[in-house]
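What follows is a group of structures, each given as C-alpha cells.
Here come two complexes built around subunit A, the first alongside subunit B, the second alongside subunit C.
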Partner chain A sequence: MKFQSQKVAWGFFATCMLLFTLQIVYGFIMAFAHAGFDGLHQWIPFNTARASHTNLLVMWMLSGFMGAAYWIIPDETDRELAWPKLAWAQLIAFVVVGVTALIGFHFNWWEGRKFLEIPRPLDFLVVADVLLFIANIGWTVWKSPKKSTTSMVLFFGLLAAALLYLPGMIPTDNQTVDSFWRWWVVHLWVEGVWELIMGAILSYLLIKLTGVDREIIEKWLYVIVGFTFLSGILGTGHHYYYIGTPRYWLMVGGVFSALEPLSFLGMAIYAFAMAKKGGRTHPNRVALLWTVGCAFMSFVGAGFLGFAHTIPQVNMYTHGTLVTAMHGHMAFWGAYAMLILGIITYSMPLLTGRKLYEHVTAGFAFWVSNVGMVAMTLAFAVAGVTQVVLERRVGMDFLTVQKEISVHFIGLILAASLFTLGAAAFIWNFIRYGMPNAPVTGVAVAKE
Partner chain B sequence: MLSKSAAKAFFLGGTVLLSAIFLGLTWDTFQQIPGRTNAAALTDSVKRGKHLWEDNNCMGCHTLFGEGAYYAPELTKVFERRGPVFIAAQLKNPQAMFPGERNMTNYHFEDAQIADLVAFFEWCGKVDLNGFPAKPTLGAPAQRAAGPNAPPRPLIFSQLCITCHALEGAGGTVGPALDGVGSRFDAAYLDRWLRDPAAVKPGTKMPKLPLDEAQLTELVTFLSSQKEMAR
Partner chain C sequence: MTRPLTEPPGGVLMWLIVALELVTFAMVFTLIGVLRMQQPALFHAGQAALSSTVGLVFTLLLITSGLLAAEAVHAYRLTRTHRAQRFLFAAIALGLAFVAFKLHDTAGHLAAGHRLGVDDFWDAYFLGTGFHLAHVLVGLVLLSVVAFRLHRARPPELETVAAVALFWHLCDLAWFFLFPLFFARA
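For the complex of A and B:
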C-alpha cells in the first residue's frame, strides 16, 4: 500500500465479510419460513429476520463504501488520511451501533419502516458517525493539492448520502407522508447518490486495472453520473404511484424510471469499452472480472428488471409482491455488493502484500456466486409472477397462493446454497490474505 | 468530441435542473396530501394505531399501500375486506383464526390498542391510492356464476367465513368449501356448530367466532340456503 493510514480500509472490509455472512444466515431463515419451515418463529420471527437481512445489507454496503473511500482517497490525493486514529474509532463506533441495532431487532426495538428499521436514538449515532467519516476524508482531500475528479465525485457522493439520511427522520402521523420521506432516503440513495459513489469507485478501478488515460475515464464518469441524476431524481416517482400521492407521479415516475436503465447501460458499456481498450494487462484479472461483472449485473438487475417492474400499468399488479424481491436481489448484488467485492479484490493484495488473485478459489468465488444469484433471481421471478397472476389477477386468497408457491422457495434455497458456496470461497480468500502488513511505499506530497 | 468540461457542465446542469423540478413537485404533493389522505380524519386513535404499526414492525411481514415484506397479507383494504370483528379477533389471538397455518406473533395488545389499530386500518383504506389495489379482473367470472337468483351474502359471511372457506370457487382453503352446505346439515346443527365448534367436534380447527345473535341467525339462514345443485 502507498500510505500507512490506508490500513483502516482492511478493518472496514473485514466488517463487510462478517455482516455479509450474517446477512446470508437471515436470508436462509426467511427462505425456509416461506417454504413452510418456520421452526425458529418463536425466537426469530419473520419480521426480525427481514429487518436483520436488509439492515445488515445496508450496513455492509456503508462499511464497504467507507473502506473503499479510506483506501482510494489517500491513493488519489497522495497523502495520509487527516486523522488515521479517528478512522479506527469511527469503525469501532459503527460496529457497536450496528450490533446494538441488530440485537434490538430481536427484542422488538425498532421502527417498522422498511429499510430504515434502526431505532431513532441510534439514527442520530449513525449520522454522527458518518459525519466524522465525511470530515476525515473531506479534510484529507482539502489538504491535498491533488483534487482528482474521481476523489471529488466520491466525496460529494458520500456527503450527499449522509445528508439524505436526514429526511427519513422527519416525524409525522400520516402514513403517506411517512412513506414519501422514506423514499427520499432509500430511493435517492440507491438510485441516486450511491450511483455517484459507484461511478467513482468503478472509475478508480478502471483507471488502475486497465491503464486507460484518466482524463478519458473521468470524462465518461461525468456523463454517466449526469444520466443517473437526469433519470434517477424524478425516477423517485415510481415509489409515489400508489401511496396516496398525486396521480401525476404515474406519468413522471413512469417516464423517468424508463430512462433509468440508460445510466446502467452506459456504465456497462463504459466498463466493457475501457476493459477492452486497456493496453496494459494488470495481473489482478479477477478484480477486473468483478469490476466489469458489476457493471453488467447492475444493468440486468437494477436497469432491466427495475424497468420491467416500474412501468405503472405493470406495477399496479406487481407492487407489494415477490416480484419486488426478484428485482431487489439482483439489483443490490450487481450494483453494490459486486462493486465492494471488486474493490476488496483489488486492494487486498496491496494491503497484505500477498498475491492470491491467481488462486483457483478467486475465480470460483466470482462465477459460483453469480450463477447462484441468477438462479435465485429466477426462483423469485417464478414465485413472484405466479403470485401476481393468482392473487392479484385471479383473486385467490393470499394464504392459498402462498402455499401454491412455497415449492419455489425450495428452488430458492438450492440456488442460495450455490450462491453461499461462492460467497464462502470469497470470504475464505479474504481470511487467507491475512493481516494488512504490506510495506508502505508512498511519499506524501505537501500542500504548497 | 465531447470535452471533459462539457461533460462536467452536463452533469452539474442536469442535476440542478432536475433537483429543482423534483423540489417543485414535492411542494405541490404536500399541498395535495391532506385532501387525498383525508387528513382531517386523522384522529388520536388513528395516530396511536400508526405508532403501534411502527413499533411492532408490522411491515416486516405485511404490506400496507403495497409497501413492506411479502410474508403476510396486504392490509390496505383489510377493514373493508375483513371488518373490525375479524381484525380484533386476529389481533387478540393470532392462532385462533388460522390454526396450524403461517404463524403470526402474539403481541398481547390491549383492547384499546386493538381499537387504535382498527381505526388506523379504516383510515388507510380510505386514502386515495390512484386505484391500488386493482380488482382481480380474471377471477370475476367465478363469482358471477352464482347467478342472479343466489341469495345475497351477509356482510359477516363475506368478511369472516370467506377467509378460510370458499364459496362458488372463491375464498380460503383452510376449511372445506361451503357449496351445498345447506343440503348436508340442517339449520339446528349449523346453529350449534357456529356457537361452539369444539363442543360439536372436539379437536376441530374451526375457531369459536365472536358472533352476536343477529349475525348468527343471519349466517344460519344463509348457509341453510346453500343447497346442492340438482344433477
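For the complex of A and C:
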C-alpha cells in the first residue's frame, strides 16, 4: 500500500461482500419460488425479491467501483486522497441509503421501475452521495501533476455514470416514455460509461499484473474500449424493441448491438495476449486469473449471449423472457462482478500485508464460481427457450408455462449452489485477510 | 514501394477504425437490401420521391473531394506544403458543399412529409444517409484540423495526413453503396 488513504477502499470492498451475499440470498428466494416453493411469499413476495436482487447488484457494483477508484486514484496520481475522512463518511451514507431502500422494498416503498426501484427521495440522496465521491477523486486527480490516461478515463467514466443517473428522474406519466428514459440510465450505464470504468480498472490490473509497458496497454485497450463504448451508445436501441417506441429503433438497435460482441471479443483477445506477453512473474496469479477471466466471460456473457437475442426478429420472441435472465446473469458476472472481484483480489494482499492468494481456496473460489455461473446460465437458457416455445410459439398462457418450466429451476438451484460455494470461498478469503494494516511503504521508497 | 503489413499508410489505428466502420456500413447496406427485397412496392414509391440527378451530384461532390484529398497527401509527401494545404481546403470546400446540399435536400423531403417513423423506406433513408452524413462531418473536422496545422511550427506527420485522407475515402466508399441502393430504381 502506497498511501494511507487507500485504506478506505477496504470499507467499500467489505460492503461489496455483504451486498453480494444478500444478493445471492434473494436470488435463492426467487429460484425456490419459481420451482414452486414460495413459502416466504407473505413476507417477501416475488416482486420484492426481484427488486432487492437487482438493486443489491447495482449497489455492490457501485460500491466496488468506488472502492476501486479510491484504491487506484491515489496510486495513479501519486498522492493521498484529497479528503480521506469524507470518503469514509460517504461510504457510511451510501450504506445507510442502500439499507433504507432495501428495507423500504419490503414495505412496498418502491417505484416499480425495473432496476430503478429506489424511491424518489432516496434518488436525491444517491446523487448527493455520488457527487461527494466524484468531488473527492476529481480533486485528487486535479491537484496531482501526474495525470495518467487510466486515472482520467476512470474519473470521466465515473462522472458520466453520475450524470447519467439523472435521466431516470425525468417525470412522466407515460409508460413508454418512462422506459425510454429508464434505459438511458440502465443501458448507458452497463453498455456505455461503465465500460469506460471497466476499461480503466482492467488496464490498471493488466499494467500491474503483466508488467507490459503502460504505453502499449493504455493505447490499445482504450481503443478497444472506445469501440465498445461507441457501439453501445446506439445499441440502446435494442431496449426499444416492441415497447411502443418508433419502428426505426429496430434498425438502429439491430445494427449497433450486433457490433458490440465484436469489440468484446477484441477485449478478450487483447487481455489474453497481454497476459501471455507479460509472462508469469507477478506472484498474485489469482488476480490475473480474475482479470483475464473477466475479459473472457464478458465476451461470452455480454457479447455472445447478448447477441443471441439482440436481433429484432429473434427478440420478437424472446423479449422479456428468461432468455434475458440467461444473458443478464453471465453478462453482469463476467463484465462487472469478476472485475470487482479481480481488483479486490489484487489489492487485498497490499492492503493487509497477507498473501492469501497462495492459498488453495483462492483458486477454488475462481473456478467453482465460474463453473457454477456457466451451469446457471445453461439452466436459464433451457428454461428460457422452453418458455419462448410454449408461450410465444404454441401460445400457452403465461402462468401455465411458468408451471411447465418450474422443473428447470431445480437445475438452476443446484447450479446456483455450486456458484455460491465459490462465492463463499471468496468471501471467506476476504474475511481471513482481515482489516487493512499493511505498512505504508510506497511514497518514501518511490521518491528516493 | 513495399511496406510491411504492420505499417500501412495512415497507421494501424486508422485502418482498424476503417475496417470496423466498413463492417458497420456493410450491415447497414445488407439491412437496406433486405428491406428493398421484402417491400419492393414501398421502395418503389419512396424512390419516386428521390431524384437520381441529385444523387449523382452528391456522388460527384464526394469523389471529387476524395480525389483532392488524395492529391493533398501526394503533395505533402513531396513536402510541397502550400500545394497540399490548397488541396485540403478545396477538399473541405466540396465536403461542405455536400453537407449544405444534403441539408437542403433533406429540408425538401421533410417539407413533403417524409420523415422518420413514416415507413421502413424513409426510416432506412434518413438513418442510412444520416449515419453517412455523421461520418462526413467527422471527416470534415479531421480534414480541417490537419489543414490548419500544416504551417505550424510542428506540422502533422505524413502518416496523420494520410490517416485523415483515408477516413475521408471511407465516406466515399460508403456512399458508393448508398447511392445505388437508394437512387437506382428498383
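Following the convention adopted for this analysis, the second predicted complex is superposed on the first by the 441 of 448 C-alpha atoms of A that agree within 3 Å, B and C clash if a C-alpha of one lies under 4 Å from a C-alpha of the other, contacts with A are read in each partner's own complex, and residues count from 1 in each chain.
Going forward, a residue touches a chain if its C-beta (ideal position, glycine included) is under 8 Å from a C-beta of that chain, and two chains touch if they have at least 3 such contacts.
Quick caveat: nothing in here was measured; it's all calculated off a predicted structure.
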| item | value |
| --- | --- |
| Winner by number of subunit A residues touched, once subunit B and subunit C are compared | B |
| Contacts of A:392 with subunit B and subunit C, given as first, second, both or neither | first |
| Touching partner for A:121 - first (subunit B), second (subunit C), both, neither | neither |
| Touching partner for A:145 - first (subunit B), second (subunit C), both, neither | neither |
| Partner chain in contact with A:251 - subunit B first, subunit C second, else both or neither | second |
| Touched partner set for A:223, first subunit B, second subunit C, both or neither | both |
| Which superposed partner A:262 touches (first subunit B, second subunit C, both, neither) | second |
| Where subunit A meets both subunit C and subunit B, residue numbers | 223, 246-248, 252 |
| Interface residues, subunit B side, partner subunit A - complex | 2-4, 7-8, 10-11, 14-15, 18-19, 21-22, 25, 28-30, 32-33, 36-37, 39, 42, 46-47, 50, 53-61, 63-74, 98, 101-103, 105, 124, 127-140, 163, 166, 170-174 |
| Subunit A-touching residues of subunit C, taken from the complex the two chains share | 13, 16, 20, 23-24, 27-28, 31, 116-117, 120, 123-124, 127 |
| In the complex with subunit B, residue positions of subunit A that touch it | 30, 33-34, 38, 41, 45-48, 50-51, 108, 110-114, 117, 149, 173-180, 215, 218-220, 222-223, 225-226, 229-230, 233-234, 236-237, 240-250, 252, 316-317, 319-322, 324-325, 387, 389, 391-400, 402-403 |
| Residue ranges of subunit A in contact with subunit C within the complex | 223, 227, 231, 246-248, 251-252, 254-256, 258-259, 262 |
